[in-house]
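These notes open a run of structures that come right after.
In the two complexes below, chain A is the common chain; its partner is chain B in one and chain C in the other.
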Partner chain A sequence: MNGLGFFLDYSRCIGCQACVQACEECDTHRGRSMIHLETIQRQDSVQTAPQICMHCEDPICAQVCPADAIKKTPDGVVQSSLKPRCIGCSNCVLSCPFGVPKYYAEIDQMMKCDMCYDRTSVGKKPMCATVCPSQALAFTTLEEMQRSRQGHAIQDWTFGQENVRTKVYLWVPEETVRFQIDLVQIQGPSRIQEDRNDVAALLED
Partner chain B sequence: MPGKEKTGVLNEDTLHATFWGLVVAVMLSAGIYFGSRRLRDFDPALVSYAGASVFCAFGLAYRYAMWLRRPPTRLYWFRGWQIFLRPSKLAGNLMMFVRLFFQSFVEQRFIDRRSHSRWAAHWLIAWGCILAAMVTFPLSFGWVRFESAPGSQDVYRAFAGGVPVFSFRLDSPIAPLIFNVLDVAAVMVLAGVFLAFRRRARDRGALAVQQFANDLLPLLLLFAVCITGLFLTASAHWFRGLHYGFLSQLHAVTVIFTLLYLPFGKFFHIFQRPAQLGVAFYKQAGQQGPPAVCHRCKKAFATAMHVEDLKSVQRQIGVEYELEGSGHYQDVCPSCRRQTLALAQDMAWRDTRRPGSTR
Partner chain C sequence: MAKIPIPIPALVDRFGPHLNTEPPGGWTTAGEPDRVVKTHCCFCGQQCGIQLKVKDNQVIGFEPWEDFPFNRGKLCPKGVKRYLQGAHPDRLMDPLERVDGEGFVPTTWDNALDRTASEIRRIQQQYGPDAFAMLSGASLTNEKAYLMGKFARVAVRSANIDYNGRLCMVSAAAASKKIFGVDRAANPWEDILHAKVILVAGANVAECAPITTHYLWEARERGAKIIVLDPRMTPVGRTADLYIPVRSGGDIGIFNGMLQVMIERGWIDRAFISGHTTGWEKVEETVRRYTPEFAAKIAGVPAEMIIKAAEMWGPAATSFLLHARGIEHHSKGVDNCMAAIQLVLATGRIGRAGCGYAMITGQGNGQGGREQGQKADQLPGARDIENPEHRAHIARVWGVEEPSIPRKGLSNYEIIHAIHEGKIKGLLSICCNPMISLPDSAYVRAALEKLEFYAVVDFFLSESARHADIVLPGSLMEEDEGTTTNVEGRVIHHKKAVDPPGNARVDWQIICDLARRLGSDKFEYRSPREIFDELRRASQGGVADYFGITWERIDREYGVSWPCPAPDHPGTPRLYQNGRFFHADGKAHFHPIEWRPAAEEPDAEYPIVLTTGRVVSHFLSGNQTRRIAGLMKQEPEPFCEIHPRLAGTLGVAEGDFVKVESRRGAVTVKARVVKTIRPDTVFIPYHWPSDRAANRCTIGALDPISKIPEYKICAVRVMKTARPVDALAMLSPAAGGVE
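After this line comes the complex of A and B, so read on.
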């Protein structure tokens, strides 16, 4: 993809829903949005975060699929389920470490973000990154990201003891080299009382 | 990760699959031998079709056995049967099976909900092929044969396994239907193939993801089989057998190629797909049991049976979601996973702003 990468920065999301709407326009899943826009803690905060497929190197969704319905293209994009094969079991929905695949009961099929394959395969930006005003979802070069933001991009994650490497980058502080998810992160840290404007602290209620 | 080491297992898998492939191929050969009354009803002109069918049976069983070696497939397959065959539920399950079979297999309504043209194409191709298969396989295996009744040239009799099953007069309305059933099937399939090609040529989503070998080749094969079959009819009826020999060989080549492709290409979904019914039983059984409650939000998000089964599949394939200390990432619902990720990124940034941080 000519040096272009997909960068995700949850903290920039302003909850405008532009990505959700734009995603519905994608030709491979017209009318259905594959983006999850998560409202983090409805009562206390307006913080939202988008989740797209991270396009794992060795996708767990595909490993647990009994129908062998999830395939990766040679350029590393993990496709939506193959329609003739997917038997709608939801193994992928429950196993994806990022909570990405969606199960649609009416068609008995899983669908997921395919990085707008109709667009990215011909060198265009994905829909969501094209419209995202805060560039929480950015499809650009690493140099451009480094020029305009503090921090750096990582592709390595650990969930429990499972290491996952993704094609999509997460934007994090320089100190973070691997993104670790464990009990601490799931339960949240102890609340920091002194700063009521600290969104992260508020979210832990 | 030990579970991901596949090299040693691969040979064992291949042996296992080859074994099942051979069992099924031998069974079909025996079926042909005995079903054609020790080849007395077997038409030697059709031997290449029968041979290709035996190879196809080997390939199908091989691939199916390979497929069942995948831990998630194996789990669903055995669980599905276990749940289906529970004696206390068998009657209800059979009723549900009939309903699901009608909806998913006969009507294929779930495809209609994706798009009408996709459904029309699939339904025509599927039923055209089933109709054709119901005629051609028994004929080429020598299980069914037709001959005129001893006393009258106007009456045709059909035999199955050497036993007369029915007879009909050549001037009866059913006669042209029986003689042309393959043409009817070919027209159905051609109409479906046309609709499918039309969709594939216009739909930008399909254009982006379709591949020649996977999506277009099967349609081309079906087209070739049908059109050469129809040429045979045309040659016999309208052109007094013009090029009949050549055309029948051409038709045989297309059919044999399709049979050889069947186990390895897109057509394999015909055999894979019934697992959808097993999943329906699995889901129903899960819902009758306790739900899985998310470790973080404490809400139900799946069935407990499903989550426990997934954990065991993950152990087998080497996915290690066990959390530091205690707990399991599989017990966190998808929504809480997404929230956790955003919060964890926030925490990482906040840590850099803590007193003492250099930023």
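After this line comes the complex of A and C, so read on.
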């Protein structure tokens, strides 16, 4: 990929879904969007987060695949399942810490983001990173990112006690060195700082 | 006779909105395109570059256009999915004639045009020349906007033509003209990157001008501080350095309050003021009263926020102001804009890199659409229709006698009033959908129903076109060629990708044919390029001078910014570089601004503020975007944003249906309970029709100067209600139903 990398900066995301709409237009999977846009907790905040495949160095989806249907290219891109091999068991869907693979019953196959392999392999940028109006999704060189943005890139995540290293970079403030993900209770109390996002609280200052 | 001929559900059944879900031939059979056309998005004022893939005279998809400098391939969801307007099942492909009780039946072009022309003349002979009015739009190309103005004045010979930019850009335009003597964003977007502080006033950039987000974020990476004024915490407001949840209509409190602090602390460029401006003394005297405490009461926010904003803006080395409909859609919209712009002027930070301001134009040709003479008070080149020299120049270009050009006509909403008063009896509209986009929908509908004759040019049967006697099937942007002028004042070139389908025709030919039937020989154009060349001459020597701009130059230079008075002139991306402004004295003019209340403030009976606006996946009246499946999936129906504190007192929970009711009408929509809005305010996006139309509630109060309606504040009450089960609620969400 000629030194080009995929960078994800959640702080820039404006939730417009241009990525979701454009992914659906890609030639290899037209009509199916491989990117997810998460609305974090709309009641509390307008924050949103796009989720592409992070392309783990040691992909858990491939490890748990009983049919050996998920392959990684030499340049580290984890691909969609191979149609002749995929048995539709959804182990990958359940195991991915980022919630990326999706099983499509109508074709009995798992499909996922392959970083637009058809585009990147011919020198284009992935579709989502091309259209993204906020460049929360950026496909460029590490040097260009370091030159033009504050913060730095990390590739290390910890899910509970599991360490994961990804090909996709997360762009974060300098003080963040790895991303620690813990369980939260669904429908539990909000973890978003109340004062920053509650307009009523801002008005009471 | 402009009542709808058959019930709405029957019209929806035939004409939609239905959803186009897939490209021509389906997702799987697209194949290789025959050609790829480099053009622009049809929607908002940013006019992003985009490539359309064409196969067998149909647009089958898109490809980003990374070379176009404004957006470098970036697109919002509307831009991505815009191509699905083509090959659409709802597309009008024949002229239609209203038949009472039957609906709309296809007819011939000859019959449709003959009848329209004869009705225009009948109404004018019976009631006077100005009894026939025209409403046009700012999503038209420059060529078509020019043609509409000329058509009204030369062929129809009515004073009454106005456009839907009256609902959009006119407050910004009037403010800019009063202060600078010209109406255009002062700087190219590139300048945003070099600003150290950026004030975003009443602009939900993330949803209404998404590509501008990148400019803001890039400026921030370079150290810019961002201040956002909005009653709702927008996606840009969320991470802004200072987010000020100003109450709707309280903006002058912020601006005058900031200026007061800046004067106190000496953050005023007095050398610039004395050398390049007039009127400062009165401003200084006026804002003296606007102490942070006093101003905070007007703005409805803590005084510390105003002080902090002044501390960020005042001493900055470079600065940029961006404003949009949030401060403009008010009965004091012009004053709001002037108070904001004077923060720029008082610091002298204008006319150089990183220093200036811009209004964010809303519609595709929001800029050019207001320069080519389709405004009630203007002739081409942004000329004044009451100015004898301006009239004489245009009369020469048009080859008509100067006295034959009508005088200033009525503005958009005043035309609606005049229909009610019986002064206007006939209407032709193009590129607008007043049933959705004008305030107080019931009043607008009653006006359309009073018309003796109504003709509509459109490519889909809009909610307004349902009231027409004759519907003339026109063209999509990609079916014709022409230019628009983007948010920066950069004139760009829309290429033709495909022909109109069926018997639909390009708009300019429809208008020229109609002009011929009205007996005019001044519309013998063979192509839109000939219209553009005439437009160049018409604009020559005017404020908005396009004379040096050619289609070839636009293609070569990725657009040319006006004023461009000669073919060898480089164009003017940044105005005021020499410290000279466009008034005759070369100076910028300050105006003292006092805050005044909105036409309708909340009271005991209607205690809540309603404010309206857009969502990212829909455009204006939704006539286009409500027909595209991907965009409808993203935001299928309108909603009422309400703070949990207010929702709690009303017993309303997330997802409940609420009735939002003003003195004029009511809508029933689902509640979206969010902490990101002021607790005294609710918000409803306005893109949907009938009982889901936010404009049923809004007020027809106008700014006395710009005549823009006050969409951003009216008084309502909100109550929980049952799911509606009437016939309109049973329709699809695209047609105004509920899910």
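In this text, the second predicted complex is superposed on the first by the 184 of 205 C-alpha atoms of A that agree within 3 Å, B and C clash if a C-alpha of one lies under 4 Å from a C-alpha of the other, contacts with A are read in each partner's own complex, and residues count from 1 in each chain.
Here, a residue touches a chain if its C-beta (ideal position, glycine included) is under 8 Å from a C-beta of that chain, and two chains touch if they have at least 3 such contacts.
These numbers come from a predicted model, not from an experiment.
Enquirer: When the two structures are laid over each other on chain A, do chain B and chain C clash or fit?
Expert: On the shared chain A, the partners fit.
Enquirer: I want to verify one number. Taking the Cα centroids, what angle sits at chain A between chain B and chain C, in steps of 10 degrees?
Expert: Vertex chain A, arms to chain B and chain C: 120 degrees.
Enquirer: Taking the superposition on A as described, I'd like to know which of chain B and chain C A:Gln47 touches: first, second, both or neither.
Expert: Both: A:Gln47 reaches chain B and chain C.
Enquirer: Quick one: classify A:Ser134 as touching chain B (first), chain C (second), both or neither.
Expert: second
Enquirer: Between chain C and chain B, which one touches more residues of chain A when both complexes sit on the common chain A?
Expert: The partner that reaches more residues of chain A in the superposed model: B.
Enquirer: Figure out whether A:Gln17 sits in contact with chain B (first) or chain C (second), or with both, or with neither.
Expert: In the superposition, A:Gln17 contacts chain C only.
Enquirer: Per the contact definition in the header, classify A:Arg30: touching chain B only (first), chain C only (second), both, or neither.
Expert: Once the two structures are laid over each other on A, A:Arg30 reaches both partners.
Enquirer: Superposed on chain A, how close does chain B come to chain C by Cα atoms? Whole Å, please.
Expert: When the complexes share the chain A frame, the smallest chain B-chain C C-alpha distance is 7 Å.
Enquirer: With the touch criterion stated at the top, can you tell me which chain A residues are shared between the chain B interface and the chain C interface?
Expert: 11, 13, 27, 30, 47, 150, 198-200, 203.
Enquirer: If we count contacts the way the header does, which residues on chain A are in touch with chain B in the complex?
Expert: The touching residues are 9-11, 13, 26-30, 36, 38, 40-41, 47, 49, 51, 60, 63-68, 79, 83-85, 87-91, 93-100, 106-109, 114, 117-118, 121, 150-151, 159-162, 170, 172-173, 175-176, 179, 181-189, 198-201, 203-204.
Enquirer: Report the residues of chain C in contact with chain A in the complex, numbered from low to high.
Expert: 22-23, 27-28, 30, 61-62, 64, 66, 73-77, 79-81, 206-207, 210-211, 213-214, 217-218, 221, 232-236, 238-239, 243, 245, 300-302, 304-305, 616-617, 630-631, 634, 643-645, 654, 672-679
Enquirer: Where on chain B is chain A touching in the complex?
Expert: So the residues of chain B in touch with chain A come to 67, 70, 72-73, 75-77, 110, 113-114, 203-205, 207-209, 266, 269, 272-273, 275-276, 278-279, 282, 295-296, 301-302, 306-307, 310, 313-314, 317, 319-330, 332-352, 359.
Enquirer: Given the complex with chain C, which residues does chain A contribute to the contact?
Expert: 11-18, 20-22, 24-25, 27, 30-31, 42-48, 125, 127, 130-135, 148-150, 197-200, 202-203, 205
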